[in-house]
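The structure is given below, and queries will be raised subsequently.
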Amino acid sequence: MRTPIRVEALTIRYPGRPLPSLDDVSITVERGERLGIAGRTGAGKSSLALAVAGFIPRVVRASVAGRVLIDGTGGTDAMKAAPGDLLGRVGIVFSSPSSQLSGSKLTVREELAFGLENLGIPPSQMDGRIDAVMERLGISHLAEREPSSLSGGEQQRVAIASIVTMGPEILVLDEPAAELDPTGAAAVAALLDDLAAAGTTILHAEHDPVALGACDRVVLLEAGRIVPAMASLPPCESLAWTVGPGRQGTAVTIEHVSHRYPNGIEALRDISLKISAGEAVAIVGANGSGKTTLVKQLNGLLRPTHGRVLLDDAPTDGIPVNRLAATVGFAFQDPGDQLFERSVEREVSFGPRQLGRSGTEGSAAEISALVEAALSMTGLTGEREVNPYDLDRSRRKLVALAGVLAMDPAVLVLDEPATGQDRDGIERVGLIVRAMQAAGRTVIAITHDMAFATRWFDRVVVMHEGRLVDHPPPAA
Amino acid sequence: MRGIATDVATGYYIAGSSRLHRRNPLTKLLGLLFVLVAAFLLPALSLAVLAALLAGVAISAGLAGALLGSLRIPSVLVVSIVVVNTLFFPGGRDVMLEVGPLSITQQGLTFGLVSAGRLLVVFVASVLFLFTTLADDLLETLVARGVSHRIAFVVQSAVQLIPRMRHRAAGILAAQQARGLSVSGSLVRRLRVLVPLVGPVLLASLVDVRERTLALEARGFGARPGRTAYRVVPDSGLDRVLRVTLIVAILAVIVSAVAGLGR
Amino acid sequence: MDWLTICPEGATTPCVQPVQLAYLVAVLAVVVLVAAIGRRSRDFTTVTLSLIAVAIAINITIGSLTVVLRLPLYLDSIGTVLVGALAGPWAGALTGLLTDLVWSLLPVPGGAGPTTAFFAPVAAVIGLMAGFWADRGVFQLRSDDARIGGFLALALGIAAAAIATLAVQNTVGLGFDPDDQGSQIRFVCLGIVIALVGAATVAVSRRTIFRLRGDDPRIRTYLIAATAISAAALVFALIRLLLVPTDLGLFVAAVGAVVVAVLAVSWARRSDHARLFPVWVGGFTTGLVAALIAAPIVAGVFGGVTGGGTDALIALFRTLGLSVFGSAFAQGLTSDPLDKTISFTIVFVVLTAMPITVRTMFSRGELTVAE
């Protein structure tokens, strides 16, 4: 029996990076085995996944050493294989659901056929294979749906299905549940259990070893090498926000706010909520419960159709978004909506510069101090000259957060700050919340991570279908 | 989200089962080409014939109402063509009417009406084509005739990307305003706003390109020759006859126009 | 076959109208262009194709964004220029071509509806030129690339040809008389002479003054000088055109030119502003060519108007005596060069902010945007 995957002394170094991303790594995966690869962000998990799938150095340029043998010693070296060689033998699934769909098909069924078309499978055989896979993976009910209209979890399952349809015996997954909510993540986990039970060889990379609980074996990667145990990083120095004029925290009052979208959907129904100055509140709820709609009322991105929002007894009506930005700092869920500068430092200073602090006496120094403090809080001081898009997704999110912190907001609003972060990142975000609170700021966060919510916030508010379900009064 | 994607991704398409709908996309494309060639190469009188023909097709396909509704798209352009050329035609000799300092010339009026007529006829034919043809079907047909399936993919991919990107652009507008960016004010201010708005669109899209490329490669895009097609586009004997007729007609028009050059 | 001669004014014997012949040649040229693009695109990698799809969406998205921002620009070629810079002229051409075809398919505001497809050749040429200039190094981050020598030689050659044209016009006179066969031949000969002057200037200067290696400090000086001179020339020409060409007009134009030159020098010396000069030359020339190619389409298909606010401008040009084609071209000249210059600038700024991971995906990425 030929060994499906045999990695021998693999070393990968990307152009422009001083250190190799993988350093002399050797791993063997047996037929039908489910191997987990755990490691922090940047440890080399993605590089390993890409190499096994035959993408390095053909698609992703890098200098390489060693071999990655698929199907035994006499088999194909993934790093020298031509594009078509590994098709149908090794499949790979990435973490971002929407960018894995071909983006050119109008139904899920056609999406699944896409890979078969490229393989040159006769059309008469396609429907049979597609139906079988949809049945197996429990997505038959999605067959005629439009891929872009599906939820993240559903899209990810379709993405996995579209690979499985091509019939690979080896499946590589690079953090498949990273951008999914708990429901989606559970669905993907169940799917993997089924595939493993059916005998597929699985290579599964995750940053959280707990997610790899169902694996037969787990290998730990750190700084490109296999290690027996992960060294624990020194805990984040306790953080403090001491720059800026001592702002007394701002109380946020939401008075009977309702919001109806132009297409008629009532996202918020008569919500009243009082958040005291300097309080930290977490808002939880299922997708579609209205959490994001609610917090967007706070900085003017959305306006209530009924009711009003008050910041310290001053209503927000009529004040444009860019002026409310001086008081309410909003960190978006997707950093890609904001980042455009060529270095972290310039990016972080964009916000304070826009707030018109430049042009007044001594302001350049003020901005500088704010930027320094923000970089230090997010642990990005060493990366100030790096292009934000050269950082991994979790640290890019921290860059966006730093950009908001540097605006010295009285109210800090965070949209899903824990999603896409590894455990150290989540810890850091929690410490930032605590530090801002200690500096007297009000912090409001949307999250679906209950552990994160209960640990770092004074109050947890639950939303369901546009209403507050459970909102304990502020602690006295 | 679904609404956005469907509206723009299916474009002008109006579902139906008329005989026009059922024609093969290539047949319809040749029909459009015929109208285009005839409108521009044949004498102006043919425009009336073409217009009547197209109106008849529209009515028989039940698209007359939709067609009339769509005429608002080129309305400003058509009016402008007639007005500007009637009043301001260089080389207009025969003056028909004096309107203050301007004069309506016969040459100008003719040119304006003929140009507007041609554009309208081409527009109507295009719209009827788009009403009854799904882009995916059109592309699949072209691929079967030799157009690279990778190019067809680029078109399909772009078509679906556009609504998402426009949605995203609106989101970026909001996100940058939340960082204090002001989008109103003087022209210079508004110009300066361009980079923080366009920047994230471009950069995030470029980063996206990397991920999409990996996903495409994972699905074997372009890896092997001999790509097969899942989607079946119906073709019939009637379509084949029509196509031959149309090709002959197009060639006839071209030849008569070239021969007529010597006049 | 004696009808195959071009019609002089008021001809009675069978002949071919020059306009009809021109359109025939144009249509054939478009067919050849599309075929060439099709041939080249067979070799595009998956990366390039993904990029093109995204770029088409960018073109259309930003093209409709300018409506939101109420800017008097199109900005519908940013994706095309980007692809030209990252993946070469033919990829850029394909992007432009497909953009206008896709825009015809979709009811997105900002385009010309289903008739946008007629402008596909213009968009394709914009892509070709963007790729051409990118290969000459105009998007370089630092102004110390040896290709700048080639660019400077080219710029000098264009300037030499322009000066030669002006010189001939003001002395011997170019004179194109549709009736006089002799004058037509003279026109063609003078044209060839001017072109030769330009070419010779390019060749000679490339081997002498612009024989530069990277890191040569003279590059920056040349770019600053070029910025100042072109700014001065532009201002001079504008003032001369607008003011009555009297002696006073000449004096004012000269003074204006000098003032602008001084300002331009001080601006160009700050940080690395001088490296914007090649970008602007690239954008400006691309805009000129775009206006030139769009004019016959506007004249022939759209009756010489655009359907927008600029039609008032077209009417004005008509009253000044310009032909249908001429007024369409003049209108194009007032908007396209500026639009493309801004587009090139935006692409330049974005390329400076491009992360390494993306840059290395494109074979030209490293050539275009050096660190």
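To keep things simple, chains are lettered A, B and C as they appear, and every chain counts its residues starting from 1.
Just so it is clear, contacts are C-beta pairs under 8 Å (C-beta built on N, C-alpha and C of every residue); 3 or more make two chains touch, one makes a residue touch a chain.
Everything numeric here is computed off the predicted structure, so don't read it as measured data.
When you average the Cα atoms of each chain and compare centres, the chain farthest from subunit B turns out to be A.
For chain pairs A-B and A-C, the one joined by more C-beta pairs in contact is A-B.
Mean C-alpha position of subunit B lies 25 Å from that of subunit C.
For the pair subunit A and subunit B, the distance between mean C-alpha positions equals 39 Å. The centroid of the Cα atoms in subunit A and the matching centroid in subunit C are 43 Å apart. Residue positions 59-60, 103, 340-341, 389 of subunit A each touch two or more of the other chains. Listed for subunit C are residues 46-47, 53, 350, 353-355, 357-358, 361, each touching two or more other chains.
Multi-chain contact residues, meaning those touching two or more other chains, occur in subunit B at positions 153, 157, 159, 161, 183, 195, 199, 202-203, 207-208, 212-213, 216-217, 221-222. For subunit A in complex with subunit B, the touching residues are 50, 53, 55, 59-60, 83-84, 87-88, 91-94, 96, 99-106, 110, 113-123, 126, 146, 148-149, 159, 162-163, 166, 263, 299, 301, 320-322, 325-326, 330, 332, 334, 336-341, 350-351, 354-356, 389, 403-404, 407.
Residues of subunit C that touch subunit A in their complex: 46-47, 53, 350, 352-358, 360-361. Interface residues of subunit C facing subunit B in the complex, by the touch rule stated above, are 3-4, 14-17, 20, 24, 38, 41-42, 44, 46-47, 49-54, 56-58, 60-62, 64-65, 68-71, 75, 78, 82, 94, 98-99, 101-102, 104-108, 112-115, 300-307, 311, 314-315, 318-319, 321-324, 327, 342, 346, 349-350, 353-355, 357-358, 361. The touching residues of subunit A, when paired with subunit C in their complex, are 14-16, 59-61, 103, 340-342, 387-390.
Of all the residues in subunit B, the ones that touch subunit C in their complex are 7-8, 11-12, 40, 73-74, 76-77, 80-81, 84-85, 87-91, 111-112, 115-116, 118-119, 122-123, 126-127, 130, 135, 148, 150-151, 153-155, 157-159, 161-162, 165-166, 169, 173, 183, 187, 190-191, 193-195, 197-199, 201-203, 205-210, 212-213, 216-217, 221-222, 258, 261-263.
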